[in-house]
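Two complexes are shown next, each including subunit A; its partner changes from subunit B in the first to subunit C in the second.
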Partner chain A sequence: MRFAFTDDQRAFADGLHDLLVHEYPPARLREAWAAGRGHEPDLWRRLADMGVLSMMVPGPAGGMGGTLVDSVLLFQQLGRAGVPGPVVEHLVAAPRLAGTPWAGGVVDGSVVVTAALDVDPFVAHADVAEVIVTPSGARHGYAVSAVAGLDEGRHLAEVTGGTLEPLPGTDELADTLAVATAAFLVGLGETMIDLAGEYARQREQFGKPIGAFQAVKHLLADALLKVEFAKAPTYRAAWSLSTAQPTAGRDASMAKALAGEAAYRASRAAMQVHGAIGYTWEADLQLFMKKAWALQRAYGDARWHRRRVSAAVLATPR
Partner chain B sequence: MNVIVCVKQIPDPALPGALDSSTNTLKRDGKLILDESDSYGVEMALQLVDKAGGGEVSLVSMAPNGEVSGLRTALAMGAAKAVLVSDPALQGSDALTTARVLAAAVGRIGGADLVIAATESSDGYTGTVPEQLAEVLGLPSVTFAKHVEIDGSTLKASRQTEDGYDEVECPLPALISVTAGVVEPRYPSFKGIMAAKSKPVDTVTAGDLGVDPVGWAGAGQQISDVAKAPERAAGEIVEDDGEGFAKIVSFLENLKVI
Partner chain C sequence: MDLTYTAEQDAFRAEARAWLEANVPAEPLPSFDTAEGFARHRQWEAKLSAARWSAVSWPEGYGGRGVDYIGWLIFEEEYFRAGAPGRVNQNGIFLLGPTIMEVGTPEQKARFLPTMASSEIVWAQAWSEPNAGSDMAAIRSTARLDGDAWVLNGQKIWASRAVWSDWCFGMFRSDPDSQRHRGLTFFLLPLDLPGVTVRPIAQLDGDTGFAEIFFDDVRIPLGSNLGEVGKGWNVAMATAGFERGVSLRSPARFSTAADRLIELWRTHADSTDDALRDAVTDAWMLAEGYRLHTYQTVTGMIEGRPIGSEASLNKIFWSEMDVRIHEIALDILGPHAERMDGPLERWVDGFLFSLAGPIYAGTNEIQRNIIADRVLQLPKGV
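Entry: the complex of A and B
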């Protein structure tokens, strides 16, 4: 078995990283938040052109035919940039719309799709999406009424009415969303630690940069440890789902629980290093922090996923 | 229309560069990337070929250790093939030798209607290779092109100057050097990245191209010493006692700017 990513998988992630670093710096993200834009059509088009949005759509349908292992580093890069809009949901839902009238549009990006669990009271990105994919099918023609949320790049809405078309192959939707979101959270955690590290090198107190103090170093090192430790279970869960392992559900839950907690820890540490300035509108940190807080609760929080892991472990015969 | 683009593969500018203390030249033994200033030329070539409705974009590059990472990026953008000149004997080559080698590589591909280069590389900055290359190839050269159009067998370009731009025309085939920002380079798509792996890269030595002498032997220059740039001297601080403006005026007068 090969435990490393392939050259292609790394090249795709590098290509996306290059695009996002140049075309979507935090200043652009802040503009989107300020304008109340929960979706970025220009960036969306670029992501479609690159092939990101259709990464998991089969080749004959015009996609890249990638697995979740091929996509997991992409989710991490999207998280590093805090990309708003239904990127995670669209990537996960797109392959499930094969053979529907939306199949072509999800590949070229002209149709925006979001995803939700049937138990979710609110649907993220329903205001910008044409279709909602849930475990029970594809919903369209619905009405939305906005609900206030924490993350300006992830609008929540109550959804009423519409038509539900049954879809084949939505079984692993919840687990796939959990793993994709876990990878996105890992990326958010990395960025928050980077921002805090940069701030700790600049901000001076008692005549030297605060990063010179051991207590600050340890705070960030502990947070980085959590984020790094969340990576392996996230990649493992992507593999388990891609290869239909019997442990896929347990592995997805382990990934989401650990990545959610790691991103939360990173947000706390980065906030403490910044001091009150970190929470202000002008600081980049708040953009990533609030997204992490919203996503750690999305598609099952750490508590729910931990219970699922424990139930799976205890049910395994010794 | 067939276009050949000269691309340089350089050490990643985001990483700290280092000099080889034995030769005083830049260490280029790690992974090299496509020089960003060449990505504009590649993009312009792709657009011109697209507009012409046929033909292809080829690349020529000179790099140590058979390095192709930067070429793959340009191939992923849409170029069709490349000639890479890689030869330990090329270490120490000056700008003119580089131009001779690139000219031979351009000749190896053959049939170019247009050769495109950047105005200068981001790691060497001599800014003379494109003109030397045009001379060696015997082609007319238009430098600092910021806008280019092809009309039949005539090239029309807006040429950046200090005051504005000149509108110039020349017959094809020709060589142009394009400024940064002239077009918006595309990001390689995933399908482009996959396709680039199977595009042909013809790796040759200076000897295969019949260029001799090369390297230190062929160079008309020597690097005798490398020194740190002097630190900037501290500026003058003027305490404003109400007459500070007079000191600023006399300072500007001394510079003869007012």
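Entry: the complex of A and C
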């Protein structure tokens, strides 16, 4: 029993964190929004070079050969930076394209792949993706009809037509996507709390920083509580999937339900702490809040995932 | 990351399970907040200790088994699974014991730890005062040097199990000119000394689980202090860290409660009530989340990443979870939740007890302040 990451896993995630802090501050994300870019080709290449995009692609196929446990901290860091584009979807879908014409391209990043589940009415990032991995297989050659989305770093579309190639390894697509998204949501939650903390330290009212008031302290402490207690279930779910535990589906759903709710609580607390500024287009907070609000309901919302946990936990006497 | 148990851990679990199955009393003991219950619980502790199960994470020399925190969690899982009695000496074994191991003199370790493990001496925590609750640094009880003795005066309150306990531990102001956190000393003393008066206080559940303790010129020998004279605050914070962190409320307690809640839901709830089904699922996820979080924390402690102010997050989490689990149970019982003498009374009792959690060991409001100040680095408040 050892519930911790290895030094290597931590170091890789720290390296990604450093890259994103320097290369992708909120100002860059804001620029992408302003330019109508839902995907960042420059950053994408950096992530490909670093091995992030091919983290879960097996070594013989040119990838990093990592498991979901190796990757879960990366999803969290990508979430911390609010990285737009199909990063979560690509990382999860890429290993499932082994033996297809896209296998090489998804490793070096020249092919962008996204993922979609039946529960979701739209496909995210279909506008930039060459192929969509779904539980039924790989879909390509489709037509895309854009749908305006809440998070401008996540372009939505209705997809029609195209060809579906069956894939052998899509069984755990939904669960893996749920865990990866949960980790991304945890990262978003951390950043929203950080932004609120920064604001509460500098904004003064009644002659002192508002962070000195207990009403503000307690709001953020409660938000942090939810985010911190979503982490271990997310990491456990990553382990359950990596090691094919019989509880993997239940654990993935628990993670997604808790992380989605935690990120939502963090968004509400952070916005309240920002006051009127939090309701503006200018505040960086919105870049992260809107992604959290989109992702908390994508790939199964908390209600859907909770019912799945119910079915596992309440159905049969243990 | 490997969330499976080693063969050694499995063997330890099997040994604990076998012993508990053979030895846990078939009938629940009376509450340890009653005279008879206290005596019965002390006997149980003696039995546990004789088989070296009372303090498994302690070194063998003090009556433990020297297992790491993972071993301790495994033992706790088995203990709650077996429905074994509550731990009447928990303030000693789980709070004071680790503190003595950290800061005690060799003489104190030799004298107090074995008798603690066996519950020959049961310890009460003399912590709060009438005007020092959340604001613990406002302590007024005094300790004055007089020749070869310290002389204690003042009053402590909400001292759990002080009515029947043998010894107590608490802080006194040893420097009369000191303010706040400075000039406090942490003392260990018997409760049967001349000048000590223990007055029981009936709790919300009617039992006298806690008490006031009055000190009138109580003389205790020099060397009764734990840690340095004047450094009592630091000693107390170490104890409080254990209490808020992992030791006082092990995850097994809540995993077991969540399992019982599921059983109650199966036998008593309308299974078509989706809101209730979701609530029970949430309770299970809370308990499971706490279990996972604790395994993560404990792995960190074993690997030299000690728990800091994040311990305050644990305290809020488990205390609110405990209330929530019991609220849901009472929702399932509906109008029957009013009944106190039926087979399900345990849930009502548990609900009353759970309500103390957000208050003791530092109110949850104080914990939120600690998180805001030390983890989130917000400016100090008033």
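Everything that follows uses one rule, which is that the second predicted complex is superposed on the first by the 316 of 318 C-alpha atoms of A that agree within 3 Å, B and C clash if a C-alpha of one lies under 4 Å from a C-alpha of the other, contacts with A are read in each partner's own complex, and residues count from 1 in each chain.
Basically, contacts are C-beta pairs under 8 Å (C-beta built on N, C-alpha and C of every residue); 3 or more make two chains touch, one makes a residue touch a chain.
Everything quoted here is computed from the prediction, not taken from an experiment.
Steric overlap between subunit B and subunit C is absent once the structures are superposed on subunit A; the two fit side by side.
When the two complexes are overlaid on their common chain A, residue A:12 makes contact with subunit B while staying clear of subunit C.
Of the two partner chains placed by the overlay, neither subunit B nor subunit C lies in contact with A:283. Contacts of A:236 after superposition: subunit C is touched, whereas subunit B is not reached. Applying the stated contact rule after C-alpha superposition, one finds that A:46 touches subunit B and leaves subunit C untouched.
With both structures placed on the common chain, the touch criterion links A:310 to subunit C but leaves subunit B unconnected.
When the two complexes are laid over each other on chain A, the CA centres of subunit B and subunit C sit 90 degrees apart as seen from the CA centre of subunit A, to the nearest 10. When the two complexes are overlaid on their common chain A, residue A:55 makes contact with subunit B while staying clear of subunit C.
Comparing subunit B with subunit C, more residues of subunit A are touched by C.
Once the two complexes are laid over each other on the shared chain, residue contacts for A:64 go to subunit B alone; subunit C is not touched. Superposition on the common chain places the nearest Cα atoms of subunit B and subunit C 14 Å from each other.
Interface residues of subunit B facing subunit A in the complex, by the touch rule stated above, are 76, 187-191, 193-194.
Listed in rising order, the residues of subunit A touching subunit B in the complex are 8, 11-12, 15, 18-19, 46, 49-52, 55, 64. Against subunit C, the residues of subunit A that register as touching in their complex are 1-6, 69, 193, 197, 200-201, 208-209, 211-214, 216-218, 220-222, 224-225, 228-233, 235-236, 239-240, 254, 257-258, 306-307, 309-310, 313-314, 317-318. By the touch criterion stated above, subunit C contacts subunit A in their complex at residues 1-6, 9, 70, 259, 262, 265-266, 277-278, 280-282, 284-285, 288-290, 292-293, 295-296, 298-300, 303, 310, 313, 316-317, 365, 367-369, 371-373, 375-382.
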